[in-house]
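A short write-up of the structure that comes next.
Going in written order, the chains are labelled A, B, C and D, and every chain counts its residues from 1.
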Amino acid sequence: MSELLGVAVLGAGHMGADHVRRLDRVVSGARVAAVADPDADRAKEAAAGIDGVAVHTTAEAALDAPGVEAVLIASPGEAHEEALLAAFARGLPVLCEKPMVPDSAGALRVVEAEARGGRRLAQIGFMRRYDPEYRRLKSLLDGGRLGRPLMLHCVHRNVSSPPHFTSAMLVTSSVSHEIDAARWLLGQELTAVTVLRPRPSAGAPAGLIDPQFVLFETERGALVDVEIFVNCGFGYEVRCEAVCESGSARIGEAHTLLVTAAGAAREEVPQDYLVRFADAYDRQVQAWVDATRRGRVTGPGAWDGYAASVAAEAGVRSLETGTRTPVVLAPRPALYDPS
Amino acid sequence: MSELLGVAVLGAGHMGADHVRRLDRVVSGARVAAVADPDADRAKEAAAGIDGVAVHTTAEAALDAPGVEAVLIASPGEAHEEALLAAFARGLPVLCEKPMVPDSAGALRVVEAEARGGRRLAQIGFMRRYDPEYRRLKSLLDGGRLGRPLMLHCVHRNVSSPPHFTSAMLVTSSVSHEIDAARWLLGQELTAVTVLRPRPSAGAPAGLIDPQFVLFETERGALVDVEIFVNCGFGYEVRCEAVCESGSARIGEAHTLLVTAAGAAREEVPQDYLVRFADAYDRQVQAWVDATRRGRVTGPGAWDGYAASVAAEAGVRSLETGTRTPVVLAPRPALYDPS
Amino acid sequence: MSELLGVAVLGAGHMGADHVRRLDRVVSGARVAAVADPDADRAKEAAAGIDGVAVHTTAEAALDAPGVEAVLIASPGEAHEEALLAAFARGLPVLCEKPMVPDSAGALRVVEAEARGGRRLAQIGFMRRYDPEYRRLKSLLDGGRLGRPLMLHCVHRNVSSPPHFTSAMLVTSSVSHEIDAARWLLGQELTAVTVLRPRPSAGAPAGLIDPQFVLFETERGALVDVEIFVNCGFGYEVRCEAVCESGSARIGEAHTLLVTAAGAAREEVPQDYLVRFADAYDRQVQAWVDATRRGRVTGPGAWDGYAASVAAEAGVRSLETGTRTPVVLAPRPALYDPS
Amino acid sequence: MSELLGVAVLGAGHMGADHVRRLDRVVSGARVAAVADPDADRAKEAAAGIDGVAVHTTAEAALDAPGVEAVLIASPGEAHEEALLAAFARGLPVLCEKPMVPDSAGALRVVEAEARGGRRLAQIGFMRRYDPEYRRLKSLLDGGRLGRPLMLHCVHRNVSSPPHFTSAMLVTSSVSHEIDAARWLLGQELTAVTVLRPRPSAGAPAGLIDPQFVLFETERGALVDVEIFVNCGFGYEVRCEAVCESGSARIGEAHTLLVTAAGAAREEVPQDYLVRFADAYDRQVQAWVDATRRGRVTGPGAWDGYAASVAAEAGVRSLETGTRTPVVLAPRPALYDPS
């Protein structure tokens, strides 16, 4: 192959600009054909130095730009539904950042629209599925050597939360990664969620319920627990232990440079998800470009985006009510049957 | 010092015989003065080869044997209350294996009897408090360097459960270690317990609810979660992570001999608590002998034994009802005020 | 940028075909413009499915093919000198697999030819310089936080050696990686080498001196020791510890998936350098393409290839004579002065 | 057993006083019967608070004190030969701190004296043989699962050296531990030693050759390398990797409390051999007391002390001459044949 896939990138903020850079310089087989952002200057800045890019202020215009064969949506979550429907209308393959659509009703509309079209077009940006550690764990679980998974113990810690981060966003923005990872690793839907509230850390902003401890139940009886702590102060840590019938497997404890100095052996902990998952972002986009050029969708799809939003909404209700809350999904269209 | 403390050992089963050996050959400053077991042959066998030991079939007779200055109770749990009261009546210091008394009503009677006597005499065999790793963790938490503890994540796995082990015993016999460890590490009483039931492992005996996932809340808002899995098949693992406001600390992952062979780097996992905690048992008894010779009680006491039995009973109720169950303690006698 | 760099790949064996795949599917900004191999079928097979590739049986023809702007040499080592000189004659930038030239006399001729041209064109395939762990170590050493490096302890193990691997090749083919890594990490030339011969392993082919233990001295007094063991049978391991004046740092012990099962906690050890260094190969070629498109050479150059061949030759002499052997370099042309 | 073994402790300095405390309070089955030190006050201070201890200023007087059945020699190395011969003359079992006798000629006289007596009486204080990690490694090697050992890679680091520590003492006082450990682990005598001198650390006192890199060859072709670095500044580290024909095993990397805080996962490194090997000292003396009470010697003996002093002397010569130096032992008396 040598023809490059022309991609329109919607959104030129932090994440969008990073995807523009990635498509231009890291990923093989693609080129940036258009960039759209309501802020024209921001769009121009992201596109600077790249040959043959159309710059627009609306998604529609970018989708219709010459040479656009696929779409990468990195605009704010509220704009995703409209952008996805516009891409579907044009038959364009899409890679859409998470959350697919923030509310589950909108997410369901996207699922239904894609299902009506009869062809899978959307991949959702659950990039952990492309992290080498998660993939090794998935492969181990699928191989069956350790028997059936019984529990997942997850830890998800950030140094600090961004301004305006709310207690609900610990579930909808942070734990949503574990929601997708659990569904994918276990191959099961979630059926209930309980959010527990230990006394907040003195390091959390006033009023923020941080940390939280979240429990998921699954359709075949597995239990998933997640510590989410977004103002832990000391590093970015994502760990997962799968406890199975005849063994346990853990990821997220990699150490690569062990320094012994001043009375301690130290392993530096990354401070940021862009460090920890840099490779996963690259692999995700490369895999999407490769599959798209072959006319396929191989990553997590609209159904996964919908299921994550339903579970996240149930989590927010549990956080508010303090009680176990069922996760109830609409019937799954046949388009999303596992192959 | 050279005078040896004369100890009566009650119970000459597996644990009792091991304590006889320990007092005779490992611990400094003590000697076995009497051994009692309803099975006289078993008592004789445990005492074989030791000079000057009286062998009896009743606890009372052993307590009254010449040279007995202290008592180590390793008889079955049902016999503990009577033995403790008999020791208190004679003013003898006691080291009593856990559970102090299986039911909380009996445990409370022991607390009240000791309180009436006005002098602390009993130490309870929560030997994890003497494990070097737990002690380093306790010392770190008490030092305050990591801020206030918010959560404890605990894992407790056995290769297989003994015959006749019941679902309730996962809480009363196994998790009771974490109950005491959590109270001790955090310096807080437990206030509620919830026992969750993932689908049982195919490796568990039919009818046994194994694994279980147990949640404790504490009086100052910490959350403690415990995976208890007594038929995990692959090793004896006891891990604990304390998540604090500005750091996290983990024990139970020690590796000491790392073997790389046949495509893997391997660390052998101990198969048995007697291997993992051999040192803790030795240190516990040495510390008890040392303190007793100086007329003091420095280890966990009758109040700790009582609090553990109340929490364990609440856990069993939660296992049966599936709901969160409060842990309600009687008022603590002044004798047990922290010094 | 969107113009793709046209690359001629010389050699379509195992390594060459892998580079063709990498340039076509992994690396951004390049395309395969020509493939050459004396075996025309092999060249065609490597080029299959790629648009616009010229296939040739000689290096010269491939270098002259339309659209060729740079050269990747992956032919056997004996063919490198001629290919490098041909590339230099055409002013083409080159990435040349190691060894640059097997004998140091030929390597010096390459250095002199490039120096005469007055412009750096060649990068040598010491891909460890692109491994994330090595880069973190290099960055730590350069930062000076641990003081001056005093010693490097290196381990280099292969599961088994290929057929026809000779005792000298443990030095020239395997330890050559440590030769370059040591020069790069320390920023110093090597001055002497001593090869020690423990009794060979029963797992080594008859007559092969395996393992060997190699010592390098450097111009500013550091000591480098390398265990090379190419029939260790159990895995591919590359470790390096830098011992500095105020601390030590180690790489090569990464663990990413820790499996506890059947009585042991296990970390799988990769069996192959293509697994361990897959990422380094990708990053090396991407970095070369990126620099070449900007008209620069940023990686290890012809001088590094020459220095490695001199040290390797001295190592082979030490292996034969059993004595410490000086490493004597020709004067370094100004072209290779550190910038 | 309940009769306590009466022990005379010779030397009441740092090490002697620690052994007095150990015999009195830690070890089971022994009591301190006499303490001797030329400094009478120091001897009295060490014996304070212990019942029935004779205090003397000469070794002879202490050996002849009532109740003395065994001797622990912790006086300066120059006094060991006379004390050992005095103990042999009285038929008293001895535990003698290392070095047994500083010069190999004196060490040989001790061996010959014990051999003339026809009965093994002396154990030498190579306490690493009682460290649980070393014992697991020894047991693994003896089991043969990994095949024949080919190499040992050893690291031995101290935070700083005591005043008046000389370059030769890096070999005689520090590496002597590795000398004994290598002989014991491999079950082979050493045949040659080479001491290499990297440029000294800026952290070493002026004139001290620190670090050094020491190579031992053994009678069946194994190679042992030792990094000795006694002013590393950052911690006390003792590591050993045994590379065998079908696997490798490492000790000395234990981690027990892993703290993640302030951007790093940290394991504290002990600062002192008394922390790292506290347990080994206790186990060594307990094992010696246990064996002595049964009339046996089970630990390293006078031959091991002699062999260590010959290898250390050869090491010092190699350090001075810069050349490989043979290690030549006198014929081994039959008394020391392995049983």
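The rule we apply is simple: a contact is a pair of C-beta atoms (placed from the backbone, for glycine too) under 8 Å apart; a residue touches a chain by one contact, two chains touch by 3 or more.
What you see is a predicted model; the values in this text were computed from it and never measured.
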Check B-C against C-D and say which one is joined by more contacting C-beta pairs. C-D
Among the chains, which is located farthest from subunit B on the basis of C-alpha centroids? C
Report the inter-chain centroid distance for subunit C and subunit D in whole angstrom, where each centroid is the mean of the CA atoms. 44
Distance between the centres, which are taken as Cα means, of subunit C and subunit B, whole angstrom: 58
Could you tell me which residues belong to subunit B and also touch two or more other chains? 233-234, 246-248, 255, 260-262
Given the complex with subunit C, which residues does subunit A contribute to the contact? 1-4, 24-29, 31, 49-52, 132-133, 136-137, 140, 145-146, 246-251, 253-262, 279, 286, 290
Considering only the defined contacts, which subunit C positions touch subunit B in the complex? 233-235, 237, 255, 260-269, 271
Residue numbers of subunit A touching subunit B in their complex, please. 147-148, 150-151, 153, 155, 196, 198-199, 201-203, 211, 213, 215, 220-223, 225, 227, 229, 232-234, 243, 245-248
